[in-house]
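Below you'll find the structure I mean.
Lettered A, B, C, D and E in written order, each chain numbered from 1.
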Amino acid sequence: MTVTKAVQHKPKYAKRATRSWTPARLGIYAFLFSAAVFFLLPLYIMLVTSVKSMDEIRMGNIFALPTQFTIEPWIAAWTSACTGIACEGIRSGFMNSLSIAIPSTIIPILLGALNGYALSFWRPRGANVLFGILMVGAFIPVQVMIFPLVRILASIDLYSSLPGIVLVHTVFSMPVMTLLFRNYYSTIPHELFQAARIDGGGFARIFVQLVLPMSTPIIVVAAIMQLTGVWNDYILGLVFAGRDHLPMTVQLNNVINTTTGTRLYNVNMAATILTSLVPLTLYFVSGRWFVRGIAAGAVKG
Amino acid sequence: QNSMVRAAKPIPVEKAEIIHWWTSNSESAAAKLIAENYRKAGGIWVDTAIAGADQARAVAINRIVGSNPPTAAQFNTTKQFLDLVEQGMLNNVDDVAKSEAWEKILPEPVLNVIRINGHYYAVPVNIHMQTWFWYSKAAFKKAGIAKEPASMDEMFAAMDKLKAVGIIPLAHGGQAWQETIVFQAMLANIGGKDLYLSVIRDRDQKAINSEAFKKVLLAFKRMQSYIDAGSPGRNWNDATAMLISGKAGVQIMGDWVKGEFAAAKQVAGKDFGCIAGLTQNSPYLIQGDAFVFPRTNNPSTVQAQKLLAKVLLNPSTQLEFNKLKGSIPIRNDVDTATMDICAQTGMAIMKDKSRQVGISEIFLTPDQNGALQDILTAYWNTRIPVEKVQKSIASALKD
Amino acid sequence: MANVRLQNLGINLSGNQIISELDLAVDAGEFLVLLGPSGCGKSTLLHAIAGLIDVSAGSIEIAGQDMTWADPSERQIGMVFQSYALYPTMTVEKNMSFGLRINGTPKAEIERRINKVAEMLHLTPLLKRKPAALSGGQRQRVAIGRALVREAEVFLFDEPLSNLDAKLRTNLRRELKLLHQQLQSTMIYVTHDQVEAMTLATRIVVMQAGKIQQIGTPECVYERPVNLFVAGFLGAPAMNFIQGQLDAQQCFVSESLSLDLSSYVFAADGECRGDVVLGVRPEQIQIRDDGQFNGVVTLVEPMGNHLVVWLQAGAQTVSCIVNQQRSFAIGQSVSYGVDTSKISLFDPRTEQRL
Amino acid sequence: MHLKHLFRRVVPVAAIVPMALVTLVAYLGATLWSIRVSFSNSRTMPTDTFVGVAQYVKLFDNDRWLLSIENIAVYTVLFILISMILGFLLAVFIDQKVMAEGALRTVFLYPYAMSFVATGLIWQWMLTPGIGIEYAVKQMGFPDFTFDWIIDQDKVIYTIVIATVWQTAGLVMALLLAALRGIDEEIWKAARLDGIPVWRVYVSIIIPMLAPAMATVFLLLSTTAVKLFDSVVAMTQGGPGTASEVPAKFIMDHLFGRANIALASAGAVMLLVPVIVILAPYVYARSRRKLA
Amino acid sequence: MANVRLQNLGINLSGNQIISELDLAVDAGEFLVLLGPSGCGKSTLLHAIAGLIDVSAGSIEIAGQDMTWADPSERQIGMVFQSYALYPTMTVEKNMSFGLRINGTPKAEIERRINKVAEMLHLTPLLKRKPAALSGGQRQRVAIGRALVREAEVFLFDEPLSNLDAKLRTNLRRELKLLHQQLQSTMIYVTHDQVEAMTLATRIVVMQAGKIQQIGTPECVYERPVNLFVAGFLGAPAMNFIQGQLDAQQCFVSESLSLDLSSYVFAADGECRGDVVLGVRPEQIQIRDDGQFNGVVTLVEPMGNHLVVWLQAGAQTVSCIVNQQRSFAIGQSVSYGVDTSKISLFDPRTEQRL
């Protein structure tokens, strides 16, 4: 009996390559597709709004495609929207945002990883109590802490400076970052850590050479969260960064937010999308770090 | 104090950092004008624009606390900066006030706010009137309303007519602060100045529990029946857009809506009308922006602050600025012939000192004002017996 | 080259007392094999020696120093984990060199050792792979390699050859022995393989339920087990136990047997009489035509180089090893003899050796 | 040798010094500061005039605060539940080796990247009867369709749930996806052999194995839920009326606009009470278990 | 009760051809033991049979049905993973009962089976524990238990007893055999333990590098290995290979030996002459006083029930098994004989049996 014969006789199990359209898979795609529609609808409205003229927007059909397509709002948002007496669009804050976001993403992630690592593997005395306080603290609205923090930073000469704002971001992200890594590390087989200790690994060495390489998925998630958080942060940047480092979101808010002034919805939308491009880029390229089975083959049993 | 100054970035002699919340296109233009004039007068304007009044004020306060204060910061001509003054965090501008004779040129309600213990702590720059009735001439025409309403009853009648022809009578943005505006319009136009002052300024429990005030509240609630279902959450400019497109008839809002009309190329008096007060003696509710000057001992900064105070009240600055901003000048001695018809109406009313009354925030602490706002918006949006509302207001305004 | 000395050791795991009051002295350069049934605490003991779990009582001394609370990295230990615990993100080579790199061993030396060990473990073609792309046995060899390259003072091996094929295992067993002789390091080795235990050990420790039952040379433990447990645990097929009585003439009598044990060396002085359990290893029962006793063949297991024949003698089933190339039929009656020179006697109540 | 010895012991402790400093100075400090302020009559600035529990009395005398509490309770439950379920489903489905995984992942995540000041407005538009979804559905030939939750006193909080779930579900997905990918393939194989339906594997094996990640998500969502503020401001400003008021907005209003930081602090302190009540026994139990 | 038939099977793992053109037919009810060096593809083969990895070529037929692309759950297979793959969040009991509960097996029946299997595997006191709180051997037993409770048609065992102690292993080996007889299910069993292979297998498959080398009964594979690889792989100590010539009289001549092989049964017809490799198992070399050949003892390994003695005879080292209770001194000269009835001859070039 040849192979082909066998397959012909029993067509019950088709080859997997052609199996991809089972009802279950159709269901999966149907779900993902409808979810995607739900998620994309607001983006659609933002996009069409951003290429309409204000006159058209005033007419109020939010779903309609623009009758007269205009790219003006985008140009305005980037280069000429007023954000105070300067009318240079939101681009002026871009470099500021980068200079805040990069250290404020990297440092908190490293610290979070370090804390999580210490908490899950080394368990220094009292660390869990600290962590508990930290987690409770995470429930305090950020704004409540601004006033005392301003005082503290002023007293150490860091108020209104780049290190100051980075420090503030580090402080506010610490509970979540620590939580993220701590819980992630709790799923790593403890024996790996033990093996590394036998190998003579000290605290730092194990962290850098063993634990961090195993953390890529969670680092990506942390980076997504932290970069987005910092990039979109407004109030902290405003209060702590100092006027020379005001992030892009301050301009963005100046464009969007007004009580008694005129609102240019098209420019607002364009500015919002433009501002979000940096985190979006990270989201898009993050895929390859969501690796499967990072601890595969490590332990038996 | 000295050690705290160390933390601040030293501002070179002439540089003046100003925190304000004028960020929309029209506001920016207005701010730019001041900056320009300031520059002409020899100052250097360093702009820190922060959208949102609360936000901007919070930053200013935090900057002061953090020993890194701006040279000047925008506040409203209300009790907002009273605490700062009491904490000794602001410089006064008595010299300028005296030399420019503010007592003569500024309206009384404003003077009462900026003068604390005999010192002047803020420079007011404009007068916004919050409770204008704006109406669409096209809509009125369609509903067959020939005459501009001259009393609240006439206004209600007009609104009924609008409703009858399928026009939304009241274009309203369902946000708490907009409801407060409607309320103040009712209180000013129905209750009149006396009731207004005894409720808002004196917080007179008797007045609050009076039948007259009850009438005001009922009128307020009646207004709610003239709005459309989509009102909650709507921004004021979207409400204005309803007037522009003729979908709605009336909007009660501050004079900043003129910017929207202008953007839609509509002209005051031709396409839309503006009524400051329905009756001849309805109070003109003054609200406005002001700048305060955080405390500093640095002589050159003080210099810059004083220069700014002067520039802000400079008549030509006043005129041009307010044209752009849609408000009217704070000084009574500015020639307003070149302003639009609504502004001129406003200026005319302001000539009558008896009609000058501050908005609620001038008399109430921010906290009391907020509490009042909470009660009003709840009343507007839900079914609460008017007596209960009266009681709530009475207790919110009690000390 | 370091001695290991455990005193009065106690270990708790999530509230269970796994090991209690354990004393053990391992001489420097010794090759100690730990034997014991599954779950008796062998791995736990190794982990404690390595400093990976905290002891709840007692002390651990390594090379004369009290190391009870010392950091694992200070103990100069190489360990093969029962679960391998390979670093999943590192290649085989990196896995093995990790410890050396930490120690700051020169590059060339690292390479030399890796190559040597990889050669020995047949891992050379796999050096660039990650653990996930290895077979079970290959992973185990990487785990061994990682320990070996360290050339530590003390090696702890937790069933290091369990997943290897017999041939490789034989090879590696010999290599380990050689290495031990070369390095003179102290080795503590857990295994379930009797051949490994017998060939590698300088001494064997038999544990049960967290307690040491017997320590001794392989021969001693095999031939003179101190109690029924040790006797039954070692040896495959297991020792035959036969209930019977010892009469005044030191003659053992049971249903099917009657043996003169006058040459038996008792563990303790004093008279022994009454109920006893006789332990006879299968290889001490010889099926021969002139055997004293009779039995019926119930099962024959051919093992390649020998047969295991199970005999029914009365109510008793006994196993014996037959090396001659004979064939047996089930049900066949045979006669057998018992070599009494290496039998053991136990007290049925205390289960101790008599 | 001895120094090295000491060093090894000190390093893990030293490593958490930043955390300890942040925890003690920033979080514990801020909490204590808030408690202190909440017992004073501070307005714009903290003062030292203590008024006992007056602020708390005032707080619980305030209809808006009480309503806020009610709202946040409903919101937190729904938001966490729906975000976790939706995020989990998305993660699971995206993990089925689907086409265009990268694009889909970005689609589900992008709302998280957008400033809610603008997207909140979009949601407000979409939910506003007459222009948004209701209008669109009516156009599609369902003239009787109504969808007016956003102007409904009783339902407006649900619209906040919808919009914030939209914003957060992608992040939940990313977190759970990372965890899902970490699960050993062999477990899956074993389950497939056992003939366990895929959904059962998820329910009985994978979800329990995801417990740490789920805990992370849960805490993360709890903290964002309790601090809910931006979204409300952007979408409803607490309206209609005070129907969608939430504690954080109450706190923020009093912190800034209403210049009553004492009352705001009292509110913030009250937010912590349920958290501590829920978290403390857990932490205590854990530390006890570790000691044992 | 189901037969398994692999045809022309090919398997790729990350681009490497692990198994190619493999044909294997397992009869219903057979107990097939897979043997092969570490990394030869045994686990891969089992995974393919279970449907856990996709084959790149060929077909898999189970119980007469083509199952090449069927879902694992449709194949009615119970499997013990080499890595156990226990559900970490479930207790031992849940681990074992999960599949049954899903299948809708009645509660009472589940309980009965669990109890039976737990009893057999000595897991009863551990039923409420999670895998993390088990020892290595205990985990392995849970893995066995999880497969056994299923009472499947085909069982795949991947080194199921490797981490168990000898005694338990012996027990379980017997239990498995019994179970197999009871259930009559088809078993495919990977092991490195020769005793297991010999005692359990109805047939043995020897693999190397993804290819089958020999299939046959245990005796056949042990006694008549088809090539040098199989010959050298089976048996511990390994077969002795001796290079030499076969002369015209079918007499084998090497440096140290000269044997008359006229009774040897050649695998293929035709004349054989010239260079050959002689394979002699250690047990076929007897040290006896009247031996024909002489050697010097170089190593003695006592194994408890026997000794392995390594002799140097010329350039050749040979191992032999000694069962008598004799002692040898290193360097001692002994004479030995060779039992030629079971020797093997191989072609040194093709490595095939002659």
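Please note the rule applied: a contact is a pair of C-beta atoms (placed from the backbone, for glycine too) under 8 Å apart; a residue touches a chain by one contact, two chains touch by 3 or more.
All figures in this text were calculated on a predicted structure; none of them were measured in a lab.
Peer 1: Would you pick out the chains that touch chain A and also touch chain B?
Peer 2: Touching chain A as well as chain B, we find D.
Peer 1: Consider the two chain pairs A-C and A-E; indicate the one with the greater count of contacting C-beta pairs.
Peer 2: A-C
Peer 1: Taking each chain's centre as the mean position of its Cα atoms, how many Å separate chain A from chain D?
Peer 2: Distance between chain centres, rounded to whole Å: 15 Å.
Peer 1: Determine the centre-to-centre distance between chain B and chain C, using the mean Cα coordinates as centres, and give it in whole Å.
Peer 2: Distance between chain centres, rounded to whole Å: 91 Å.
Peer 1: If you average the Cα atoms of chain C and of chain D to get two centres, how far apart are those centres in Å?
Peer 2: 56
Peer 1: Residues of chain E touching 2+ other chains?
Peer 2: Residue numbers touching two or more other chains: 71, 74, 82-83, 86, 136.
Peer 1: Would you give the residues of chain A that are in contact with at least 2 other chains, written as numbers and ranges?
Peer 2: Answer for chain A, listing residues that touch two or more other chains: 60, 147, 202, 253, 256-257, 293-296, 300-301.
Peer 1: Considering chain D alone, which of its residues make contact with at least two other chains?
Peer 2: Only 8, 131, 184, 209, 255-256 qualify.
Peer 1: Check the chains against each other and report every pair that touches.
Peer 2: Here the touching chain pairs work out to A-B, A-C, A-D, A-E, B-D, C-D, C-E, D-E.
Peer 1: For the complex, give me every residue of chain A touching chain B.
Peer 2: 54-55, 58-60, 81-87, 146-147, 150-151, 153-154, 157, 159-160, 235, 238-239, 242-243, 246, 250, 253-264
Peer 1: Quick check: in the complex, which residue numbers of chain D touch chain B?
Peer 2: 43-45, 62-64, 124, 128-131, 148, 150-151, 153, 156, 235-243, 253-260, 263
Peer 1: Which residues, counting only chain E, touch chain A once they are in their complex?
Peer 2: 7-8, 54, 57-59, 61, 65-71, 74, 82-84, 86, 131, 136, 139-140
Peer 1: Can you name the residues of chain D that touch chain A in the complex?
Peer 2: Counting only chain D, the residues touching chain A are 8, 11-13, 15-16, 18-20, 22-31, 33-34, 46, 86, 89-90, 93-94, 96, 98, 101-102, 104-115, 117-119, 121-123, 125-126, 131-132, 135-136, 166, 170-171, 174-175, 177-179, 181-185, 198, 209, 212-213, 215-216, 219-220, 222-223, 226-227, 229, 248, 251-252, 255-256, 261, 264-265, 268, 271-272, 275-276, 279-280, 283, 286-287, 290.
Peer 1: Can you name the residues of chain C that touch chain A in the complex?
Peer 2: Contact set of chain C toward chain A: 47, 50-52, 71-73, 77-79, 81-90, 98-99, 102-103, 130-134, 136, 139, 146, 150.
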